[in-house]
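Common to both upcoming complexes is chain A, partnered first by chain B, then by chain C.
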Partner chain A sequence: MRYKAVTSVPKRWVEGLATALITLISWVALGALGGVVAFLLYKGAGVLSWAFFTDLPRRGMQSGGIGPALVGSIYVTLVAIGVGSLVATAAGAYMSEFATSRRIVRFLEFLINTLAGIPSVVYGLFGLALFVVALGLGASILAGGLTLALLSLPLLVRNAQEAFGAVPKALKEASIGLGASELQTFFRITLPIALPRILTGLALATGRVLGETAPILFTAAVYYLPTYPKGLLEPTMLLPYHLYVLVTSGVDIRQTYPMAFGTALTLLGLTLAFTGLAAYLRFRLKRHYRV
Partner chain B sequence: MYKLETRAVSVWYGNYQALKGVSLALERNQVLALIGPSGCGKSTFLRLFNRMNDFIEGFRLEGEVLIDGENIYAPQVDPVHLRRRVGMVFQKPTPFPFSIYENVAYGLRLQNRLPESQIRERVEHALRQAALWEEVRDNLKKSALMLSGGQQQRLCIARALAVRPSLLLMDEPTSALDPISTAKIEELIHELRQHYTIVIVTHNMQQAARVSDMTAFFYMGQLIEYGRTKDFFTNPQHPETIRYITGRFG
Partner chain C sequence: MKKKVFAVAGWSTFLVLIGLTVFLFREGLPALYKFPQPELVFAVHPANPVERLSAEAVRALAEGKADWAAFGGPARPARLVHLANLDRYLPAHASAAETQRVLADLAADTAILLALPAPLLPNAAKPISVTWQGWRELFGSAHWSPTYEPLPRVGVWPLLVGSLWVTFIGLVLVVPLGLAMAIYVAEFLPRTLYYPIKVLWEVLAGLPSVVVGFWGLVVVVPVVKSTLQLSAGETAFTAGLLLGWITLPLMASLVEEALQAVPRLLVESSYGLGATRWQTILRLKLPYVLPSIATAALLSAGRILGETMVVLMVSGNAPLLATTPFQPVRTLPATLAAELGEAPIGSYHYHVLFFLGALLFLLTLTLNLAAYAIQSRYLRAQTLG
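After this line comes the complex of A and B, so read on.
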């Protein structure tokens, strides 16, 4: 025999056991995730209907729908991602393409990593102080959206920076070599090629922003409003906070439970939809550009 | 007047001196080959002529670099305008992820607005000059990434020619290509010489001997030997040159 078994029998036995254990643990984790979804479906699917999504909450939120909260959440998220994407794309472009000093970029990276570690409720407090009080926006869709934009900035900026950085340097050089200015190269080569990656990050951030509760508590959300939001400077009902209210502070909590599960299911569905969109964009990106 | 001239050019990257007092002149419509071992400064020298070194941190230059008698490092020179007069082809093909047509039109669209009919004319002309037209004429709307490596490199040459430069810089344009594609590019260089002045960096001495009129040998940042290609390879003067072209180092 030229090839002796290097691994002894007990060692192979240990290896087999370890593999089985790792497999088991990952299935338990995945099972728990599946369990959450199944549980929400079981409890909440019953109340889902077109009316549930469009109707106002009625009879002390025990019946009717979540229309204003759903619309409010969409508005606030639009403001957050709209503002956040513009600021983050500009900042990411600066850090990846235009900054002349490596030291400044490293300092900014440090700041952003620090920002990413701040608890979201602290962002809420900051939003209250800056947007609601100091800038006089009041508790409103605009104030809540801006607070959430701030919260999502670290994620979005790093994502944009990485997206621009992933565009091959050879292409940027080729463009410069053809007589393009740095700005022309950015808008004609770097940005279009980086765009799918940037959009992927935006979709992920959208999913996250939709579910954030703490930052909107003091900046946008109200307990109950019997109307749809009418303008950016109005406060609004919001899905995550509405869920909290339904579970903890309804008039008769047992009666609002099904509504709570329906709301949770809606939130989960929206978040999954945006995560799925991100996955789809990443798939498209891989197919179109091998960068 | 020479097409190209450098006068005592020295280049530093921070504390590292990449070129040491290089003086050289080249006539119009000639092909100049730059040879030498890796890190000898030949790529740095090539990139002086379209100021691509400007972006490297710590870049510093002494001496003069002249194109058509004009010092291109003079303060009033806009490097963006300079690069429109000087085409460049890189080591690896760098097609943009656009259509073949848009790749060639790229440089044209950067400048003053040309009518689309004129752009189409110049795209075709450039593709013909780069000996690619017959192969792609029916697929102009297809992605440039679908082309083979050799076709991509000829596309990059067409892209550079479309803006009508008078000087063409090539940085080891065939080192990533197979022998047949290499032969096509070399043939192309022969034809382009009628209209353009060409500077080509190459690691391949047979290639330098085949395509160039003049050859410059660089070693450790210095221009060791410069002369007519046919004399250069048959009767080299400097011992370092002899050792390099006989393959004893590098």
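After this line comes the complex of A and C, so read on.
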């Protein structure tokens, strides 16, 4: 390789300009985020009321509320996070604690990265073919929840693996040294210590799952169903799909827009609450462990 | 053994990947060999010597672009009768007997081409076979209208090109801006703001795509329309703009982490030799993290390619072959989201959509594997060297 000597020193103002430019870019990109939140607050805050959250949609979705969609979203998310957290925590424990060879763990990590890159709409197709058609669940809360559980698996497994890996080795070894079995050590020492980090991951995944639209389009969501869901095997309205419907296929778009702003604000508020919670928890944990 | 339970859970990701592949291809591959309209019988006048037609020939005849002579029949343009245009010949609420009579009359025409369900077919008509070459239909045509009668058009190029335009615009935006943000946060941001800005990135990455799509539709689309003086603001450009924006955190955080990991020794040598901060960034750090930049760009491309709701809402949803990004397009994922709900399970349309899903899966998989390959090859080399 041949090297060329650098003889010129860049002008100070050129460097200053470059710094100013990237500063501007960074803050404008985040400013747009603030723009979205402010815009939705401005347009949607007036619609929000207790009745909006609990009422059924009325008059062709031009008035009333988003009760069934809100409840449907909560049910589907509960199924997804319930199933996903159990499987993912066990999987993370296997990868961090029980797997016998480093190569297996590397392979599983590779699989997780692969799964994480698959578009959510493809998970929707898979959920449709497997849960809705092959297993005969039909479009239902259960089918949608399971599809979203699969979707959140990469995030949750990776998080659980990191959580278990962050537990100080000395504690585990002390437990084993005192005569505890591997499983006793896991359930009494490793799991309790790793739990806060695992919960952080769950909060993050909850935020993601609540906002996902493409996977539930064909596995759980219905266009309009003005009743509260009665069972796991029933289809339901869901917040993200309801918003999509309000925006794109209302009878009179102008009339449904206030409803759409309210729904968007609700959805944004819910996802931000969970993402924010996750960020806050992680911040707290970092401070604890740095000691 | 309780530990077995953990092992099974550990391998669940493997099962998911296998299941996903199997189901996508099981439902998608029939698009290559199945006939789209198995319940239809194609038939001609007994005096017409034609025995077999390709799907293309049927379309040419139906649209009047060719007459029967081109396929060895009488030198007359074909007259197509199928379910969708039957009402042109039949009065409303026709009785079964009346339907039979009208169809028999029609079948007496030597230039007739019937495409009807078997029970409706007049006895005199001679059934012919129509061949369907899945590969050629999918990849040899630039038309996407999967519910077209009597035979669908399922050319995937308009959708692929739409996806490519959106991804291209998104990448043009996300790579330079993501780099700028990464450099700013890694080099110039006051440390007290470091954590808050990372949280904001996470929030931006976690915005529900349907909310972004809605905002795009209400705010960005009119702006794009008036600034660029387009007839419609819903274009590939608009979608790429929004997708580039929500992909910025992914790109920026990957590069930022790499920039922070440049060995101190190298950085301090650079400063020690008298290089300025920007010289160190441009001549040492960026070249050093080039593999990470490539990885981040590939992962961003995969993310943009697979995004569904934003594109569905702001790209105009026109499955036409776009020659510029300032036209309405329809991407692969948007097509799935828009049409799968209407495609009867097990129909040809359903299989074609799964075929598109499999295609999307393979495309994103390739991007991810490429990213993974670069990462594992160069990062190992760097830690050794």
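Quick notes on this structure:
The definition used in the following text is that the second predicted complex is superposed on the first by the 271 of 291 C-alpha atoms of A that agree within 3 Å, B and C clash if a C-alpha of one lies under 4 Å from a C-alpha of the other, contacts with A are read in each partner's own complex, and residues count from 1 in each chain.
Everything that follows uses one rule, which is that a contact is a pair of C-beta atoms (placed from the backbone, for glycine too) under 8 Å apart; a residue touches a chain by one contact, two chains touch by 3 or more.
What you are looking at is a predicted structure, and each value in this text was computed from that prediction instead of being measured.
Once the complexes are laid over each other on chain A, chain B and chain C both fit without any clash.
By the document's definition of touching, of the two partners only chain B reaches A:I193; chain C does not.
Of the two partner chains placed around the shared chain by superposition, neither chain B nor chain C is touched by A:A51.
When the two complexes are overlaid on their common chain A, residue A:L17 makes contact with neither chain B nor chain C.
When the two structures are aligned on the shared chain, A:Q184 is found in touch with chain B, with no touch to chain C.
More residues of chain A are touched by C (comparison of chain B with chain C). Of the two partner chains placed by the overlay, neither chain B nor chain C lies in contact with A:A38.
Within the superposed three-chain model, A:A170 lies in touch with chain B and out of touch with chain C [touch as defined at top]. Superposition on the common chain A brings chain B within a closest Cα-Cα distance of 16 Å of chain C.
The intersection of chain A residues touching chain B with those touching chain C, taken from the two complexes, is empty.
For chain A in complex with chain C, the residues that touch the partner chain are 6, 9-10, 15, 18-19, 21-23, 25-26, 29-30, 32-33, 36, 39-40, 87-88, 90-91, 93-95, 97-99, 108, 110-115, 117-126, 128-130, 133-134, 150, 153-154, 157, 182-183, 204, 207-208, 210-214, 217-218, 240-241, 243-244, 247-248, 260, 264, 267-268, 271-272, 275-276, 278-279, 283.
Contacts from chain C toward chain A in the complex involve residues 2-3, 5-7, 9-14, 16-17, 19-20, 23-24, 26-27, 177, 180-181, 183-185, 188-189, 195, 197-204, 206-215, 217, 219, 245, 248, 274-279, 283, 299, 302-303, 305-309, 312-313, 333, 336-337, 340-341, 345, 353-354, 357, 360-361, 364-365, 367-369, 372.
By the touch criterion stated above, chain B contacts chain A in their complex at residues 50, 52, 55, 80-81, 83-84, 87-88, 90, 92, 94, 96-97, 106-107, 110-111, 145, 156, 159-160, 163. Remark: chain A residues 168, 170-171, 173-181, 184, 188-189, 193, 288-290 touch chain B in the complex.
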